[in-house]
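Chain naming follows the written order as A, B and C, and within any one chain the residues start at number 1.
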């Protein structure tokens, strides 16, 4: 019996069309846009100004406080602008724009693909490098990695769980990374494990729909005493931090508690790869892997991109644009990220960022929402909720604006996985309203 | 037969009498001493319980009003001066007159001038859109047109005009309770004095972008050029974040600013047509 | 240029719809419908038709002309109500009674509460109980259903004739539950009764017993149940809770005094226990949402059913029991799922 988390969850169809496509390197873009809010926490502060010349890997912005991360130039050239630019959702964000000239790298960065297996850095040095190289969680939330690796008073880490579940449909970037760079991932994970403590155990959780990745990682993990691979039953949202801890260890994260309270820390496989590059190769977080896919047979790619490349450039390389630079007419929606938690894109000119995992092209038929009907109290949302909430009730309370009762029913526990809306036979926009109420409630809690 | 009838009537009457006595004593015991003036003042209040005054309902407002004679900020926007004067009369005190207000929309970007470049397909609520992204048009400050304000209005004074896609305030019905001001996630609604003969002038734009960006997004947006400030003889106009604002207390409705505004983003309401 | 669609996440939806669920329920009801058609032919067909058409038409008219909204009949919920109502009536029901049932089910029990999803009580059951109280004669005169091709039932629907008594050749008989209720009240024992009457379990399973149309065959209902489970339309908790409660309750009494209490299998296979447990107690709108709530709900229905059957005036109590427990649903829905408690960090 493979493991999985204990309550809720759904089984969307896999649709991992691009899983057999090797990772390709995208050409260096003409210009890059580096937004200052690529991570959770305080936005970074630019340290370059218009006209400055920068090399690849040179920091262009520094962290603003502890829960923040620096940003590095992903191309070499001249800073063209430091100003507010609309991001992919049309919101204005402080952005450093660099016009590319050549491809000149900062000295000391190892650009070769040669494997550097031997770990020579001490944990303090590893931690410093992770922090300075701007590593953030690449699983989606983009939480600065060094913050997660910082010990919290009274909470002893026992397990480091590497998240290779990639439970969202369509996405294959983590899968390709595990197949092609499994060794690097494990070295990166081992580096993080040593930061947490020598007696911490390492577990790699991978869903069963990726048998090749499971066997590949098992083979590599056999050389490491403290690491083992745990195959997981396919189920969404297995990649959620709390769900993964439940699935792998059977430990439940209490309502409104940090995952570390169960003694487990979750890191994404992409993050582990970035840590490997940062520590072993002194390479800041300059690039990441993303999937460009749609439900048609035409567009199925896995790309390594330079952070800050505009989505239009990537879509152009993938052949998803018509000659005028618009999305091909058969696609109605562009999503940055997976179909369950990703965000719809309105501005194609906007850049992909550190934690971008996919550009998803959806047809109108697949994605257009139907007219909502009346709730028939089928309780499917309630059964699908992995956090043991009552979405139908929260929705009603949110519409009525009853803050107190919303908090009584733990609206702040919602992880926005989308299972409720996915499963509702009446097509009621449950999560739309619950998300609003949750954000308001969290704001309220922080004020207190 | 008769006896059954008789007993029934007797027993029921007895029961009734007994319970009446019990009720009387219970009522006496749990009687709440209440200021009789509360009910008197409530009589002259509109009784909409809309919360426009900042209190949970008319009763809560009246209680505070009676117990705090020193507070001059208490005002019922729905009942207006009429209600407040009557309330003051009941209590034998004086209240200050306040200029009647009305809600205005500080956006004039109708769907004709501000084309949509994407189609929103989620929950029909401005709050959800505002939380999600910049909106269907290039202007991320303007009206989203999904009618959260219309939903919030208890007096049926707001409706989305299908031609302009913007909410229209019904001057007769608007009580300036402020529910729409709270409901709008873009903070576009403002309560402004109705003005003499219902005439008023305001900047119908909330775009804080730089002029060039604003002009690109919406032809009737305020580009922050400052011409109106120079034209205003009363120093009523200020410019913050590339956006002009007309102070209603200083504005004398001379309409000079309206004439100079290059984007027609200053609106004049209920003025006779100029030749 | 095509405009991009924008909506909050998630961007995919399961293919499930309200209509699809209703369609599944209709398919699950088909075995019972076919059995009733097989045994009662034209009569059954007419009762079913009037009931379904009546419910759908009524909902359409009410939504369109009284509520002034877009019609909601395409969600098929009215069809389900019509089918279940018909299956709860005797084959011999006159047409006007079926129509009154439709008015009560759709007009009173469903639409006055605001339509689908808002009603407190199961519409079909409200109608059935209303008819049972208003027209006890028509509702408890069961035509002996001997199949359409036998000489006893010459294809003349009682339906068109109005009252049951005018049926020329059909015999009227009581349901097994009615027989034992009356028999036991008259001082007879179970042994005597089962000698006098043929209480074959096989008949009950396959459908040659007296009762309302849907009660005829337990097997048909079970086929529907399996279909609903396979399609994941319902969870098995409520039906199982009802069946187990009824079996336990009657089993204990039967063990104590077999002469005066029928055995559990008899109670399960006769009357409306199975029909109610599978199709009416599991109605989404009028049943609880949490597993614990469902369990309490099912056990409650089982208990009330048995109390009415054994000590009540009516021989059958499933409808009353379900309606009674429907009233508890808002309270049962107050059961909150528990959040995870703080776990001790072992490190």
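Keep this in mind: a residue touches a chain if its C-beta (ideal position, glycine included) is under 8 Å from a C-beta of that chain, and two chains touch if they have at least 3 such contacts.
Here the structure is a predicted model, which is why all the values come from computation and not from measurement.
For the interfaces A-C and A-B, the C-beta contact count is higher for A-C. Distance from each chain's C-alpha mean to the overall C-alpha mean is smallest for A. Chain B and chain C have centres, each the mean of its CA atoms, that are 52 Å apart.
Remark: chain A and chain C have CA centroids separated by 50 Å (rounded to whole angstrom). Per-chain CA centroids place chain A at a distance of 43 Å from chain B.
Chain A has residues 343-344, 346, 368-369, 429, 432, 435 in contact with two or more other chains. For chain B, the set of residues that touch two or more other chains comprises 117-118, 121-123, 128, 132-133.
Within chain C, the positions touching two or more other chains are listed as 4-8.
The touching residues of chain B, counted against chain C in their complex, run 116-123, 128, 132-133, 136. Of all the residues in chain C, the ones that touch chain A in their complex are 1-2, 4-14, 16-18, 20-21, 72, 75, 77, 115-118, 284-285, 289-290, 336-343, 345-347. Within the complex, the chain A residues that touch chain B are 86, 89-92, 343-344, 346, 368-369, 429, 432-433, 435-436, 439. Residues 3-8 of chain C are the ones touching chain B in the complex. Interface residues of chain A facing chain C in the complex, by the touch rule stated above, are 10, 12, 154-158, 169, 251-255, 257, 261-263, 324, 326-327, 329, 332-335, 337, 339-346, 360, 362, 364, 366-370, 373-380, 382, 388-390, 392, 409-410, 413, 416, 418, 421-423, 425-427, 429, 431-432, 435.
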